[in-house]
Amino acid sequence: MEWGRAKAGAVRGRTMETHFIYMAVSSALFSVGMAGVFLCRHFFKKIIATKIVGAGVFLLLVSIAERDADTFADPVPHAMVITGIVVAVSAAAFALALARRIRIETSRASFEDEEAAE
Amino acid sequence: MSALWQADNLPVWLVVWPTFGAIVLFLLPARWRGMTGVSFALANGVLALVTVFFVMEVGVLRQEIGGWAPPLGIALALDGLSALFILMTAVVGGVVSVYAKIYFTQVVVDSARSSLFWPLWLFLWAGLHGLYLANDLFNLYVVIEVIGIAAVALAVLSGKTRAMIAGLRYLIAAVAGSLAYLMGVALLYGSTGVLDIDLMAERLEPGLTTRVAIALMLGGLLVKTAVFPLHFWLPPAHSSAEPPVSAILSALVLKGTFFVILRLWTELFGVSLTFMAGQMVGVLGACAVVWGSFQALRQERLKLVVAHSSVAQIGYLFLLFPLITVPATAVAGGFEWAPLAWSGAVYQVLAHGFAKAAFFLAIGVLVMATGNDHKASMLNMVGRLPMTTFAIGLAGVSLIGLPPSGGFLAKWMLLSAIISSGQWWWVPFVLVGSLMTAGYVFMILRLAFAPSQHEAELKSVPRGLQVCALLLAVGAILIAFPAEWVIDLLEGTSTFGEVVRAGAPVNSGEVGP
Amino acid sequence: MSLPAGLLDGLLALLLVILAVRALIAPTLYQCAVAFISFGLTLSLAWARLAAPDVALAEAAIGAGLLGVLLINSLRDFSRGGDDASAIFGKDLPTALFSRTVISCGTLAFAAVLGMAMFHMPEGGGLTALTEASLPHSGVEHPVTAVLLNYRSYDTWLEIGVLVVAMLAIFCAGGFEGFRRPEQGPDSDPVIESLARLLAPLMVMVAGYLLWLGKAYPGGAFQAGVVLAAAGIILQLAGWQIIENLSTWAWKWGLGIGFFFFLALAVSFMPLGLGFFEYPEAWAGPLILVVEVLATLSIGLTLTCFFVYFNGMGASESRRRTR
Amino acid sequence: MTWNEWIPLIIVCSSLVPGIIIFFLHEEAHRTRTILNLAGALLKLVLVGLVYLGFRTGEVYKFQFQIMVDLEFMLRVDALALLFAGLSSALWLVTTIYAIGYFEGSSNRRRFFGFFSVCVTASTGIALSGNLVTFFVFYEFLTLATYPLVVHSGTLKAVEAGRNYLFYTIGGGTVLFIGVVGLTVLAGPIDFSQGAQLSGLLENSAFELKLLFYVMLVGLAVKAAIFPLHGWLPIAMVAPAPVSALLHAVAVVKAGAFGIIRLVYDVYGINLAVELNVLWPLAILGAFTIIYGSVRAIFQDDLKKRLAFSTVSQLSYIALGAAVPGMISSTGAIVHLVHQGLMKITLFFCAGNIAETTGLHKVSELNGIGRRLPLTMGAFTVGALGMIGLPPIAGFVSKWYLSVGALDAGQPWIVAVLLGSSALNAIYFLPIIHAAWFKQPPAEGWRDLRPKRRFEAPWMLLFPPLVTALFSITSGLFAAMSWSPLSLARVIVERVYFLQ
């Protein structure tokens, strides 16, 4: 019938445990990202780290959708992820703008720079 | 047209009106924004009053959006607790709006920049309304992000480098916090297949997944509420923003995530909470009280004193959780303290909201007059800016919890609840916190009475600004009087006075599918 | 699970983790950005493997594409005076080896707990069945579009709002509202310019097609909006400066129209006794299409504005420096 | 709501409203301010008088406002309330007149009189509180209202004194707070009902009751300046004379002493207190403070400081009397509340006059001052002799009752303490009197300053001490009359002991 449904059905028939692999990746990405948010010093990396955390979360949601697939994968987590991606990108763009502005005005690239400067 | 105005649609208008305001303000040219913004804020106030009235008459209001019932659709729920928070937002927000209007016309930071305040502030306001009404975990995530981004944007409005750095720190903490929350939501959705809070509460089973999910959500929200030791972002962000923004951030934005924690704790997390979980959150709160107050005592700049004080005052709120989370076995003896603990915490929210907003607005006046916010600028203020000093004094009285004030009532109820629950170990924290608060409040007031050697000429400050600060400070005192009414309103909600009966520790041995 | 498919999934999983770590510990920012963009593209593959083509499109377009462009665009400011981003650990930790071990173990332990939680997750069942049952009443045929623009349209509306808020927030960060008209025309690359002439109309068409597709197939407003934004960005790079030359009134309405119209539509049937965001069933399809068109316009414009503003921030600084 | 319900509130507000209006007046509006102050003071006094008359005929005056469950704001007139309210309102009127004279021509008068009125409001509120919560509210309110008065002069010394004052009083208030909350949780809202609510808890919660008694006692002892919590009082001396007078006679220290009386008689009730055996620490500390304060007073050369230590000592008479069970010593304690107020305010007024007219602060400089300020020193002599306990001045009556009460209760050691204290009082007061009247004035200095006006000092400064001195004599001389403080104290004590 339609592309999405057909494909989802096929996926369901083919791989039963795909979602477990991606759940493991999800937990790894979330943890690595969180470590990065707290430990990376450069603004740039901190922002990338938040995106990696986000990727971890979204991966779990989509894995759940795949797990709960019937004739097609559960669309609610998909919608949540699309919304989430847009929100996360908006926040990241804002953070990047702030970081860039700080860099331009003070040539600092991390919070520690600030402490060292004071 | 009658369908448009019926009470059922009230939750909708609460979201639509400020959002509409925000978008209109965005489209308007900068010079018209101030007046329009104040009008929208005042209209919000009227809406809030109507809301409170309806909730008192009708009780809990529910509205399914898009005609789709949960779990497919999203529902809004309006109960006494949310009505009260909406009312507080309206009153504090209304006064702050008037202040902002005067402030931004007087202190021209940069008109192109400061006019951004209005659409962002209305978006933030809409987000707060959305938060108080949300009954869906993912919807909560979206509004939390609206609030988070708008709050950080407001915090960096001043354009100072210090504010930018603080704002970035705030933003990263906020994003990480809300993503942790979303991770928890994902786990819970996977476990139950629904997002609606009520439905999920019915389906949620205790287990490892639930526990981890709760820990993640709680952790994320605690970061955003700036609970010790996750408060690191708060003092710089709140102290470097413009005064009306500081007032909004400390009085309203922090309370938003606290509201979410309160709602989730009592309505959703109950299945999997243990006595120790409550105690741990309580310990964080108690540490926040002591640490925040201690830091406040050490600060040299007034805004930092007040910002650190927020950390401490927020800590008090978290003493609620150990009190309402008791072992299932202990509940048999009755738990009449639960409503007391509840209303104590709610009163602490109100009192801190009013007092802290008043404090920041008053310091804004001070900074305008003297040009800086070092402690020494308070010298001899009682003679030079009596109204503002008085506002600081009244706000301080409420923060310390001296009678007669909202803060006093909050401490009274919390302490009563603590003693009657038998968890006496929280008592010293409340008392030491009060004493330390008295320490930093009077450290400021003391200077106001002291003579100053070389007195610089004060710049003139519009009277309206001083009046706004004083109004909120008087509000912090006056809210003590309608206490009975407030508690009545809260009793209209299903959750009010709820004790979370912490079950026996869940054995972690059970296996997933 | 068949072996080749399992191998593919395992490979993707490994690649994702390696790229994520790489994006965080690469010695130069440029390598970070490249690793991150590769990470985003790999993630798109993962989405596709997980039967989420909509997410794959969104991720590739917004997550890797737009954010990648913004990151690369910011690089020239950050890499000024050396592109060293090697220091990941706080300097006051005792020794690198020790702290690396502690951090790795901590992260692993955290991931293990989280993974356990996921592994033990009960089957909630999800909302697939319910979505499918309600699909005939939603006015669209593609389930994700139905969720986004009908069942949970409130969230989607708020999300478009987040974009507007983010635009305002970026104005705050940049320090001015609006876009600076360039003092002199930028130097444009003739290759890019001719490419843009070719690509831009094509992309607008693709955007329109994606939008139309969204009714029944993966695609829809966000994806279309991003493609539109891509067209805008390419034109910008080619030196067209569309946004800067728009009147304030025009770009403001452009940014706001999607959100505003969505709101207007949400309340417009309330006088008839319908709820917030509730449309008469017969009209739902066309109305959703109109919302999508306007949302696509706004999203495309907003994302283009993100880029233009970013570009302007750096440009105004470089002008200041050359003076 | 009938008229009788509103009257207690009106009495409290009769000073609050002028106070608030004064804040909004212009600094230069001296005349309006004076009129407001005096009108408020007179109104309060008249109302208290009317209530007294009504109370004797059995009228009930009670104002209630429920703030929330277990938290009721209640003002109620009973005999003890009337005694203290009468004292505050009478002395407020006198002190207002004195203050108007004292601050003639100085700056920041708006602030002073505003807070001054608020302070008296708190004091009257303490008097009329009908339950423990209301008492606590006004008790803390008093702390806040007096702080601006203590630091009024704005000198660094005053600000330091203010910090010290707050350190003690806020600390005490916090301790009291926990006691009040604890007792409310234990027994529900506490009305002043002679322990009726608590006696039922004796069997099960004796330990809690004891603990809470001590906790509240510590909280109250700070304001009552009982050793070792008296440290703030001598330092707070830097406040202007009218403030010191008010602080030492009715406002702060009396709030503490009054609180102790309420605690012993009305919250716990004397029987319960005896049964719990909680009074002896109070007796011992009181006795020690009496001697300690007197000894410290001897070594002070600063007149106001000497008076301050004398206050420390004298206040503990009240605590001591309350700690000794028995009608007679209770009467002594309660009546001393009034008597000490009258005498001490006289002494402070006089000290203020001396400082204002001659600029002298030291005891050692007062030789022959009686010739320059005969009326003032006459009043001073009355006050001082009363403090020593010479008949027929008021102080004698209290000391007599306390001694007899102690013998009656079989605690003769207290008599020894009282006698010793009287001797010490004599040691630190008599030299002043002797120097003032019988020593030669110094050759240079104040002797040349002859009064420029009709009286030795402005009449607004002179009359108040004379009036209070007169009161001190009459309330001693006519102690047996039915309107005297002593008679009222007897009524109170009878209720405490017989109406349970």
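Each chain carries a letter (A, B, C and D) given by its place in the written order, and its residues are counted from 1.
Convention: contacts are C-beta pairs under 8 Å (C-beta built on N, C-alpha and C of every residue); 3 or more make two chains touch, one makes a residue touch a chain.
Here the structure is a predicted model, which is why all the values come from computation and not from measurement.
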### Message
Quick check: more C-beta contact pairs at B-D or at B-C?
### Response
B-C
### Task
Average the C-alpha coordinates of each chain, average all protein C-alpha coordinates together, and give the chain whose average is closest to the overall one.
B
#### Entry: Whole-Å gap between the CA centroids of chain B and chain D
43
### Query
Can you give the whole-Å distance between the Cα centres of chain A and chain D?
70
## Note on the structure
When centres are defined as mean Cα positions, the distance from chain C to chain D in whole Å is 73
### Task
Let me have the rounded angstrom distance from the C-alpha centre of chain B over to the C-alpha centre of chain C, please.
31
### Sites on chain B at which at least two other chains make contact
138, 142, 145, 149, 152-153, 156, 164, 167, 183, 187, 189-190, 193
### Summary
Residue numbers in chain C touching two or more further chains are 114, 118-119, 121, 123-127, 131, 151-152, 155, 159, 162, 165-166, 169, 173, 175
### Query
Which residues of chain D are in contact with two or more other chains?
none
### Chains touching one another, given as label pairs in label order
A-B, A-C, B-C, B-D
### In the complex with chain A, residue positions of chain B that touch it
138, 141-142, 145, 148-149, 152-153, 156, 161, 164-165, 167-169, 171-172, 175-176, 179-180, 182-183, 186-187, 189-190, 193, 195
### Message
Residue numbers of chain D touching chain B in their complex, please.
### Response
23, 66-71, 108, 111, 136-137, 140-141, 143-144, 147-148, 151-152, 154-156, 158-159, 162-163, 166, 170-171, 173-175, 177-178, 181-182, 184-185
### Message
Which residues of chain A touch chain B once you look at their complex with the stated criterion?
### Response
30, 34, 37, 43, 46-47, 50, 53-54, 56-57, 60-61, 64, 67-68, 76-77, 80, 83-84, 87-88, 90-92, 94-95, 98-99, 101-102, 105-106, 108, 111, 114
### Query
In the complex of these two chains, what residues of chain C are touching chain B?
113-114, 116-127, 130-131, 134, 150-155, 158-159, 161-162, 164-166, 168-169, 171-173, 175-178, 248, 252-253, 255-256, 259-260, 263, 266-267, 270-278
### Summary
Per the touch rule above, chain C residues touching chain A in the complex are 1-2, 5-6, 9-10, 13, 16-17, 20-21, 23-24, 29, 32-33, 36, 39, 43, 46-47, 49-55, 58-59, 62-63, 66-67, 70-71, 74, 77-78, 80-81, 85, 87-91, 103, 106-108, 110-112, 114-115, 118-119, 121, 123-129, 131-132, 141-144, 146-148, 151-152, 155-156, 159, 162-163, 165-166, 169-170, 173-175, 216-218, 222, 306, 309-310, 313-314, 317
